[in-house]
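What follows is a group of structures, each given as structure tokens.
After this come two complexes, each holding subunit A, first together with subunit B and then together with subunit C.
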Partner chain A sequence: MAIARFWRENESRYNMQGKKCGVCQKVYFPARDMCPKCRRDSMGMMKKIQLTGKGEVISYSIIHDGLPEFHMQIPYTIAIIELEEGVRITGQIVDCKPDCVDIGSKVESVFRKLGEEGKSGVIHYGYKFKLI
Partner chain B sequence: MSVGIVSYGGYVPYYRIEAGSIGAVWGVDGTARGKGLGIIRKSVPSPDEDVITISVEAARKAMKCCKVDPEKIGAMYVGSESHPYAVKPTGTIVAEAIRAAPNLTVADMEFACKAGTAGIQACMGLVSSGMIEYGMAIGADTSQGAPGDALEYSASAGGAAFLIGKKDLVAEINHTLSFTTDTPDFWRREGQMYPRHGGRFTGTPAYFKHINSCAKMLFDKMGTKSEDYDHAIFHQPNGKFPLRVGGAMGFSKEQLEHGLLTPIIGNTYSGAVPLALTNVLDHAKPGDKIFVVSYGSGAGADGFDITVTDNIKKHRKKKWQPLSELMDNFELLDYATYAKFRGKINMGGVT
Partner chain C sequence: MRDVAIIGIGETKFGELWEKSLRDLGIEAGFKAMEDAGLSGKELDAMFVGNMSAGQLIDQEHIAPLIADYSGMAEKNLPAIRVEAASASGGLALSQGYMAVASGVHDIVVVGGAEKMTDVGDETAGEILAKTADQEWEAVFGATLGSLYAMMARRHMKDYGTTKEQLAAVAVKNHLNGSMNPNAQFRRAIKPEMAINSAMVADPLGTFDCAPLSDGAAAVILAPLDKAKKYTDTPIKILSCGQAGDYMALHDRESLTRMDATIVAAKKAFKYAGLKPKDIQLAEVHDNFTITEIMAIEDLGFFKKGQGGKATEDGLTALNSKISVNTSGGLKAKGNPVGAVGVGQAVEAVIQLRGEAGERQVDKAENALLHNIGGTGSTAIVHILGRVR
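Showing the complex of A and B:
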């Protein structure tokens, strides 16, 4: 199943660890081993960077008919968030009514269950966001 | 040689349900029943929260408020009776999520409502012996009461983490001791969803006997009396028991105030005394003395004599978020939504 794939990504899902290009200083999340802009110059210059998990909502959408793993939480909000480091990522906003989220809302990451492979399967964890 | 709390953090989920909303479904006056138990509302975990996520939030809060490198944590013990996995320790995921892995020992603990304080004791031993520099002890639960059962008014969710060490202590643990017997007051068999309790058997021979015996041992050992302490914390399965057990020892309402959270968040089981201790530390002044006795069914009690240090002021810097902020910011649920969130609705196998 997907156990191995999820497991390999635990470091970025659990701890929001990205990589920063030592040449142009651009931050990548998920982490990349090479900067697409600086290409060969960035080889060996990509440094691990711990993202703060803080950012701002750029765009959002309220989901009324979501994936089966989220059906307990309908309606819920999925947002594109620009983190302080300039990276844009997608994440669920939890612990608020959907109408509380706005463009420009400040958020920070929280640690939540992302899903599970049935009642007897492995549980996946990672980041979501809450309003601050 | 001193050992104690280097940093701490508590976490309570965002959702709540009031006693009145629970009673309404079962045809009883829930508000009156809540009053009898000393519980106004209790916390409810979101469907994407469990003991692992609660433990991670509490542990991260503790690590944010100190300068300790997480890789220096040599042991992690998570105490709970609602670990998400029966086999695979909660602590493995928590350790990874605070970057304490891989050079540490991890084990999950279980002793009903006192598994968290048992973890503090284990960490104290390892730190005192010099085997490890820092240990992290967490008490957290997402406990359930069977629908309509008295426990449904109290069983809630939350947890707290303590970084135990020798240097830069915010609170020194002067002494700890325990009192343990074989008492079948409350239990849950493997594979059962809800715990069972021995009705009236849960009070006098269980909670009161163990807490009183442990407290007496601690007073005798330290040569102290109730008036020597600024704060007292007792396990709180409801809002009444701690006032009764503490009152009989001579503790005033003021001494018990900051350590009594059950009326507004419910009984967080393994999280109860740990969360109460974080709230007391949030309010304490340097030099304050704290008397703590936890209780776990089965049964046992752990006592702690604690002195707050000057470092508590440093702890309350930029990244510190008092527990009261999480306790005061909540959204109320109706019973139907609560039942859905807690998996009490039979989905006919479609999960």
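Showing the complex of A and C:
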């Protein structure tokens, strides 16, 4: 992936900043400029919100046949997490055996390496999650 | 809007077809459909081609004119349109062709779907498929397409008590059906234990919960119904088409255990056709994973939410049961040449509605439903086909 393509999403991937609809108060991540529920009413009403990174596992899968970039990590756990703010997010759960995760497990975000552009390319960072 | 009929069908074998290129496959399916309809080629007004990812899979973009050219249509300057909606590319090509004929813009249209997946390694193909989900907010964190469906499966198990055995029942049924389809990639019935104990791909989904990577192509010829009798004694009418969309990323949807795009597309298709789920004798539903079929038969209205696994285990979706689901073998056993899938579903429905399906024939088949989805369900297309009475 081109470096700029990763870099331009860093605000969200590094800091977990989303947007909150000023009309219905629903929170979105990544940031959106329009609330899909309020549409036109929400234009100009979407406010930045810093997410806590804390939440619980809605569902998860332990990946045994993964993408080439993630081969060194197999088996790894991917999950959909509902954050305290009500927004859901996809990320890996790390720092535990894959079978320690369950639906309802409480997690918090950690800042980690996501991948790299080959042996000499840039390293990509972003959020993963660990059990609390 | 004019009534539209399918007057010809053609299909290659689905599978690992090392000796055939994308253009070979597209041409073969197209020629068979032309032959079936008794066309010379000069009657054609346009070609629609469903294809997910030729650019990445065979390093060739702009494949619609390529296939049209090698089908002998360059001298005719035939307009050729490529249609992409991930794994729903074929279904979307069919709906675009249908609308072109229904609207009166074109009379005779060929709709094809083709994908050549084995010119790249399995890992690369997996990577390309993952991009049909949200690359920036799902795949980039390591989510594969299988793992996203696995999360639907795990939640379905948690909320409705769906079991590994019930997932396996989908694979067992579809392999049995595929064993009766000469074009299927897998023509061998399997035992439940084989599916249940297969190696994990994305827990809780194992190898036998996943459709294969395949090469293949399918084609149908469309014509206005009032002109169809000129070409065939058994035109099959396209009764309706419904398409719907949803959030791109799975995590943005309200529920992991239903696909709203399928629900809305089906409602539209049933409404336009003036039919109800009980009026359908056979359905070709999208079973890229076993859980997808279970959710589909619920979302399409054939079974109550949460009952899809049990219904499958109880044999209610087997050949000539309550509703015959994936008589072709489905993506699981017939094969999964992504862009061809939706058109291949139409081919199976026409074979069944004509009464030409041999040992896998559905009794008294009057109406068939086709269900094709893209990505993790951000596109869904439902067609209903019927015999002309």
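Assume the second predicted complex is superposed on the first by the 131 of 132 C-alpha atoms of A that agree within 3 Å, B and C clash if a C-alpha of one lies under 4 Å from a C-alpha of the other, contacts with A are read in each partner's own complex, and residues count from 1 in each chain.
Definition applied: contacts are C-beta pairs under 8 Å (C-beta built on N, C-alpha and C of every residue); 3 or more make two chains touch, one makes a residue touch a chain.
As the structure is a prediction and not an experimental result, all values here were calculated from the model.
**Student:** Clash or fit: how do subunit B and subunit C relate after the overlay on subunit A?
**Tutor:** fit
**Student:** Quick one: is A:Phe111 in contact with subunit B, with subunit C, with both, or with neither? Answer first, second, both or neither.
**Tutor:** first
**Student:** Have a look at where A:Gln73 lands relative to subunit B and subunit C in the superposition and call it first, second, both or neither.
**Tutor:** In the superposition, A:Gln73 contacts both subunit B and subunit C.
**Student:** Which chain makes contact with more of the residues of subunit A, subunit B or else subunit C?
**Tutor:** C
**Student:** Looking at the overlay, does A:Arg40 come into contact with subunit B only (first), subunit C only (second), both, or neither?
**Tutor:** Touch status of A:Arg40: no partner.
**Student:** Contact-wise, after the overlay, does A:Ile89 reach subunit B, subunit C, both or neither (first, second, both, neither)?
**Tutor:** second
**Student:** Once the structures are superposed on A, label A:Pro30 by its partner contacts, choosing first (subunit B), second (subunit C), both or neither.
**Tutor:** A:Pro30: touches subunit C, not subunit B.
**Student:** Does subunit B (first) or subunit C (second) touch A:Ile62, or do both, or does neither?
**Tutor:** second
**Student:** On the A-aligned overlay, A:Lys119 touches which partner chain: subunit B = first, subunit C = second, or both, or neither?
**Tutor:** first
**Student:** Touching A:Ile103, do we find subunit B (first), subunit C (second), both, or neither?
**Tutor:** Second partner only, subunit C.
**Student:** Determine the nearest approach in Å between the Cα atoms of subunit B and those of subunit C after overlaying the two structures.
**Tutor:** 12
**Student:** By the touch definition above, which subunit A residues appear in both interfaces, subunit B in one complex and subunit C in the other?
**Tutor:** 73, 114, 128
**Student:** Under the definition above, what is the set of subunit A residues touching subunit C in their complex?
**Tutor:** Residues 1, 9, 30, 36, 58-70, 73, 75-76, 78-80, 88-92, 98, 103, 114-115, 126, 128.
**Student:** Quick one: in the complex, what on subunit C touches subunit A?
**Tutor:** Touching subunit A from subunit C are residues 123-124, 126-127, 130, 136-144, 146-148, 150-152, 154-155, 158, 199-205, 247, 249-252, 256.
**Student:** Tell me, which parts of subunit A touch subunit B in their complex?
**Tutor:** 10-11, 14-15, 72-73, 94-95, 97, 110-114, 118-119, 123, 125, 128
**Student:** Give the list of subunit B residues in touch with subunit A in this complex.
**Tutor:** 14-15, 46-50, 52-53, 56-57, 60, 84-85, 93, 96-97, 99, 331, 340-341, 351
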